[in-house]
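Look at the two complexes coming up: chain A is in both, with chain B in one and chain C in the other.
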Partner chain A sequence: MPAATRRSGGRGGRGPALALAALRRLAGMATTLLVTSFLVFSSLYLAPGDPVSFLVKGRSPSPQELDTIREQYGFNDPFPVRYWHWLEGVLQGDFGRSYLFHQGVGDVVWSRLPASLLLIGVSMLLIAVFGVGAGIVGALRRGTWADSTVLLMVTVGAAVPSFVAAILLRSVFGVQLGWFPTFGNGEGALDRLHHVVLPAIALSVTFTALVTRVTRTAMLDELRREHVEVALSRGIPRRSVIRRHVLRNALGPIVTVSALLVSGMLVSTALVETAFGMAGVGSLLVQAVSQQDFQVVQAIVLLVVAAFVLINALVDLLYPLIDPRVAAQGSAR
Partner chain B sequence: MALLDIDALSVTLPGMARPILDRIELTVAAGETVALVGESGSGKSVTARAALGLFPAGADLAGRVRVEDIDLVGADAARLREVRTGIAAMIFQDPRAGISPVRRIGDFLTEALRLVGGWSRARADARAAELLAAVGLPDPERHLRQFPHEMSGGMLQRVMIAAALCGEPRLLLCDEPTTALDVATQAEILALLGRLRRERDLGLLLITHDIELAAASCDRIYVMYAGRIVETATADELFARPRHPYTAGLLGSSPPQEGPLTRLAPIPGAPMSLLESATGCAFAPRCRFAEPGRCDQAPPVLEPHGAGRVACHRADELEPPVLAHLAPDSEDR
Partner chain C sequence: MSAVTLDSAAAPPRRDPLRRLRRLGGSWLVNTCLVILAVFLVVALAAPWLAPQDPRFGALSETFADPGAAHWLGTDQGGHDTFSALIEGTRTSLFGPLAVVVFATVAGIAVGLFSAWRGGWVDAAIGRVLDILFAFPALLLAILAVALFGKGLTAPVLAMAVAYLPYTARLVRGLAAAEKSRPYIAAYRVQGHSPVFVSVRGLLPNITPTVLAQATVNFGYALLDLAALSFLGLGVQPPTPDWGSMINQGQSAVLQERPLSAIVPALAIVLVVVAFNVVGEHLADRVAGRDA
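Moving on to the complex of A and B:
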C-alpha cells in the first residue's frame, strides 16, 4: 500500500474529524437501539399467549373484567400507539411494571444486576487468563505435546455447551466432592465469590476455547513476520521479542474476537444462572419469558443489546491504540 | 584477520533432498565490500543470516561461522547477543515488513540499547536522533515519534540502517537492501551504505541478485547456485572474465550498464528446488557446456583458476573466450 494514502494527516484536521466520527458513532448506536427496541416490542406481541391470561391466572373473569384489565394495561390501543407509549417510558427510564413482581421493571432488573455482573466479570477474567495463556503456550510450543493438549482442549471445550458444563461441574465439584455450593447467590463478598466459581467456569469454557484458538493462530501469524526476525537479529532476547512484538501485535485479533464473544456470553448467562439457581438477570429472563412478563423481557433484551453495542463502540474507540494504522476515523471501519 | 569467516558451512533441513547450504566458504575483511550473488532460493539469505547465528529452525549444522573469532555454530544465547548487539548487524530487504507497525520509530531504534544495553530513555533517544541524522533523515526528533506507516519506504530503509548502526557494528550484512525501493531511492541508499563503510571502516556483505550492481559497487564477488559457491573473484576479474558458465549466464542475462542495449540471453531452465537433488554439478541441467560422463559426477569443488576460484568440472577447458560466446550477440541467438 502506498504510504501517502494511509497517512492520517498528522497536522490539522484531526480534532474536528474525531468529533465528527464520535458523533456519527453515537448516531449509529442510537439507531441500532431504536431498531432493536421496535423489533423486541413487536416480536413479543407476535408470540403465542396473552399477558391477560397470566394476569387473571387462577380465576375465571367475566368478559367485562377482562375488558377492564385490557383497558388498564392499554392492550386495546393500536400497536403503534402502544409502542410509542412504551418507548416514551423507556426514554425516561421507565420500563413499565412487572406483572410477575408487581414492581417497576427497572427495580427488578437492577436488583438482579450485581450477581450477573459478578458472574460475567469472573468469567471474563478466566477467559482472558486461560484463553490467552493457553493460546500462547500452544503457539510457542507448536507441534509438541503441550500444543497437542491445548488443541485437544480447544476442540472439546468449544464443543461443550455451557449448560452441559454446568450440569457436569455441579454434579462433580458441587454434589460429589462438595467443594462448592450448588445453588443460589450466597451472602457477603467471600461467600458470593465461592458461589460464583462453578457458574463462572461453566460460562467460560466455550469462550475460553475460542479465545485460545484465536490467540494461538494470531501468535503463529506474528511469529512468522519479518519484524520478529529483525528483532532477534538485533540481539533482543527471545522473551522480550515474544512479549513486545509477537503478543503485542497479536492483540488486535484477540481483542476483536473477545468483543464479539461478549454477546454470546450475555445470552449464556441465562442458562448458567438457571442451572445454578442464581438470582441474576439471565435467570430473570428465563423466568420472565416462561411467565410472559413482557415488560421485563423487553427491558432485558434491550439491556443486552445496549451492552453489546457499547462494548463494540469501546473496542472501536480503543483500536487505534492497539494498531495505530487504524486512524480514529469511524468511517474507516 | 577476516571479520567474517565462513568455513565449510553446511546447513541441512530434515526432509529436504539437498542441503540448503553446502560447504560454503566466504570471508569479509574490515573496510571491504563483498557481494554474494545468486538467484532466489540459492541460499544467499541463509548464508547472511548465518553470520548472525540465525539458522533455520531444526537444521543440522556443520562447519564454522566465525565473526571476530566467535564461532556462531552452537554458540550460546549470550555469545549470540554479544555478536548481534555489538559486532554484526543486518539490513533487511523490506523495511516495511521489518519494522513492527504498531510501535514508534524511536521505540524501534532504542529497543536494543534499552533492553540489552540498559540505557536510560533520554540517552537512548539522543543516540537514536544522532543515528537518524547520520543516515540523512532531516528531522530526527519528529521521526522518532512517528509510526512506520507515516514514512516512505526509502525513509524506513534509512531507519533500518540507523537501527543496524546502533551497536557500532564492524560488519554490516545487507540482504537485498534496495530491492523493495524505487530506482532513485536505491542509488541514495547504496551511496549511504558506501559512505558509512568508508567513515566507519565497516566490512560490508551485500546480498543481491543483480550481478551488475555487485560488479559496480563491490571489491569481491561470490556467486551462489543451489546452495554452493560456484565462483569467486574480484569484481573486475569476474565481470571481465567469468569462468563458471552460470556466472557467464548471469552476466549475459542482465542489461549492460553502458553501451547500446542488446538482446538479453536468459539462462534456460529453472533453479533447482530444495526437493530436487543432483548427483553431479547442480547447474549441469541448465548448462550448455555440460558434458555427459563428467558433469554428472560428484559435484565440483571450488578450485583456484586464474585470478579467482571456480567450482566447475570443465574449468580447465572453458577459458573465458569460450564463455564469451554466451554473450548476447553470439551467432546462435
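Moving on to the complex of A and C:
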C-alpha cells in the first residue's frame, strides 16, 4: 500500500513500476491463499475429540478406510508435515475422500460445479443489468419519484434475504402460477435455463440492491465534479457527457465494491440451491455439514474463499483498464 | 478531574453519546422504524407471557388451520400456532444477532484501538490478518463452525463475531489513528496517563457514535445470516421457535399452497432488518454531519 504513494511519476518507466505493483499484489494474494489454506486445514483440530474419530463420526468405517485417513492426514507425522502433504494434494486437486458419496471430494465438487456456475452467471448478469441500470436512473433523476422508487427498492431489497425471496418466488411463480419449475436442476440446456430463472432472481435481489446503491452514489459523486460542469457548459450533449465522463469514471468504484460482494453471493448459493432443491456446490456444502462429511466441507470453504480472493485480485490487476489514470500513476491500487 | 482544567482549545469537551441518543429521532420514517424496533424488543423480552399458545407443541388435528379466533395467523403442517411461534421466535432471532454484534464490537474496538495506538509493524500485521478474515463471509464461517462443533447457536454466534470483527476493527483503527494526532490526546499523554486510560477515557467516547452506527447496520446483517443458518437447519433446532427455522419448516407448506406459516416470519425478518438499516444509516449520517 505505501508503494502507491511513494512513486510520483517523474522519470523512469511506468511499465516496470506497474509490473512491480502487480507482482506485489500477486504475492499478497498468494500469502492470503496460503494462510487461508492453513486455517481451513487446522480447523479440523479445533473440533472436540480425536481428529480421526471426528472425521468418521456417525459412521462405522472399515479398518481399510481408517488406514486411508491416517495415511492421508499423516496423523503420525508432525503438524507442519501433515499440512504440507495435505496442501500438495489440494494443489493437485486431491481433497481427500467423501464418505457420503464414496468418491474423491474433488470429483463430487466438480460434478456439482456447472449447475452452480450457471446459477451464479445468470445472477451476475441480472445484478449487473438491473443494479447498474437502477443506480443510473436514480442518480440522473435525483429527487424525483423515480429516484424515490429506486431508494425504496434498495432499502427493502437489501433486507430481503435470498431464501425469503426464494420462498416467495416459488410460492407465486412456481406453485400458484405454475410458470416455472419449483424443484431440481433440469435436463438439457433449455430446461436447465428454465429451472435456473427463479433461483437466479432470488439470489440476485439483495446484491442488485447493494450494487444499485453503490452505482447511484458513485454516479452522484461524479456528477458533482467540475469537469462535468465544464463539459456541459462547452455544449457537449448531456447524454455523451454522462456516458463518457460520468459513467466511465463511476465504473471504477462500482466494479471494486461489486467484487467485494462476490463472497456473500457465493455463500448465498447454499441457501438458494437448498430452497429450490438444486444439486450444486452450495447445497452440497449444506448436505456435507448436516451429514458430517468434513472433507467436503473443507474443500468447499477453501474454494469459496479462494474464488473471492482470486476475483478481487483480478479486479485490482485489471483496474488500470477501467481507469487508465491509475496506470498513469504507476500503481495497481 | 485534572484533564478538564486544561485550556479548552487543547481539550475539547467530551461529546456525550447519551445526548446524541436522546436526539436520535429524525424524519417520520426513522421514528416509525424506532417504534417498530422498540415493539419487537418488548415482544422479545415478554415473549413467554405474550404468546397465546405454546408454539413448541402442535396438535396434528389442527394442521393448516385457517387464521381465525383460535389461531390468529393459522397453523403450520405440524399444527403449531404461527402467531405464537412468531412471538417466541423473536427471542432467538434478535438475541442471537445481538450477541454477535456485542462480541464483534467489543473485540473490534479493542483490536482497532490497539492497532492504532501501537502503529508500525503491529498495525501492519493486524491489518493483514483483518484482510484475510475479510475473505471469509460470516455465513461461511458460521457453517464451518457448525461442521466442527455441531448444530446450535453458540458456535455460529462466536464464529460470526469473528467474521464481523474486521469491519468494526478497521473503522475504529481509522478513527483512532486520526483522533490520536489531536492535541487533547497529547495533553493526556503529557500528564502521564497510561495508553489504556487515554484510549478508554479520551479516545473511545469520541468515536463511540460512529461505532454505534456501524454496529446497528451490522445487527441487520447478522440477523440475516443467523436466520439463514436456521433456514438451512444448521442453527436453532426445532421445536425451539425461530424465524429462520419457521421458514425452513414452512417450505413444504408453501408447496401445498398454505404459505402463511413461512411468509409471516419472512415478513418479520424483512421488517426488522429494514428498520435496523434505516436507523443505522440515519445514525451514520448524523454522526458524519456533526463530526465532519
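Please note the rule applied: the second predicted complex is superposed on the first by the 262 of 333 C-alpha atoms of A that agree within 3 Å, B and C clash if a C-alpha of one lies under 4 Å from a C-alpha of the other, contacts with A are read in each partner's own complex, and residues count from 1 in each chain.
By definition in this document, a contact is a pair of C-beta atoms (placed from the backbone, for glycine too) under 8 Å apart; a residue touches a chain by one contact, two chains touch by 3 or more.
Predicted, not measured: the structure shown is a model, and the values here were computed from it.
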{"item": "Combined model on chain A: chain C and chain B, fit or clash", "value": "fit"}
{"item": "Touched partner set for A:Leu271, first chain B, second chain C, both or neither", "value": "second"}
{"item": "Partner chain(s) touched by A:Gly74 [first = chain B, second = chain C, both, neither]", "value": "neither"}
{"item": "Angle at chain A between chain B and chain C, C-alpha centres, nearest 10 degrees", "value": "80"}
{"item": "Contacts of A:Arg225 with chain B and chain C, given as first, second, both or neither", "value": "first"}
{"item": "First, second, both or neither for A:Ser240, with chain B first and chain C second", "value": "first"}
{"item": "Which partner reaches more residues of chain A (counting touched residues only), chain B or chain C", "value": "C"}
{"item": "Partner chain in contact with A:Thr155 - chain B first, chain C second, else both or neither", "value": "second"}
{"item": "Touching partner for A:Gly121 - first (chain B), second (chain C), both, neither", "value": "neither"}
{"item": "Minimum C-alpha separation between chain B and chain C after superposing on chain A, in Å", "value": "21"}
{"item": "On chain A, the residue positions that both chain B and chain C contact, one per complex", "value": "none"}
{"item": "Residues of chain A that touch chain B when the two form their complex", "value": "3, 6-8, 10, 225-227, 229-238, 240, 244-245, 248-249, 322-325"}
{"item": "Residues on chain A engaged by chain C in the complex (per definition of touch)", "value": "31-32, 35-36, 39-40, 43-44, 46-48, 155-156, 158-164, 167-168, 170-171, 175-176, 182, 263-264, 266-268, 270-271, 274-275, 285-286, 288-290, 292, 294, 297, 301, 304-305, 308-309"}
{"item": "Residue numbers on chain C that touch chain A, as the complex places them", "value": "128, 131-132, 135-137, 139-140, 143-144, 146-149, 220, 224, 227-228, 231-234, 247, 250-251, 254-255, 257, 259, 262-263, 266, 269-270, 273-274, 277-278"}
{"item": "Footprint of chain A on chain B - complex, ascending", "value": "49, 52, 54, 77, 80-86, 89-90, 92, 94, 97-103, 111-112, 115-116, 146-147, 149-153, 160, 163-164, 166-167"}
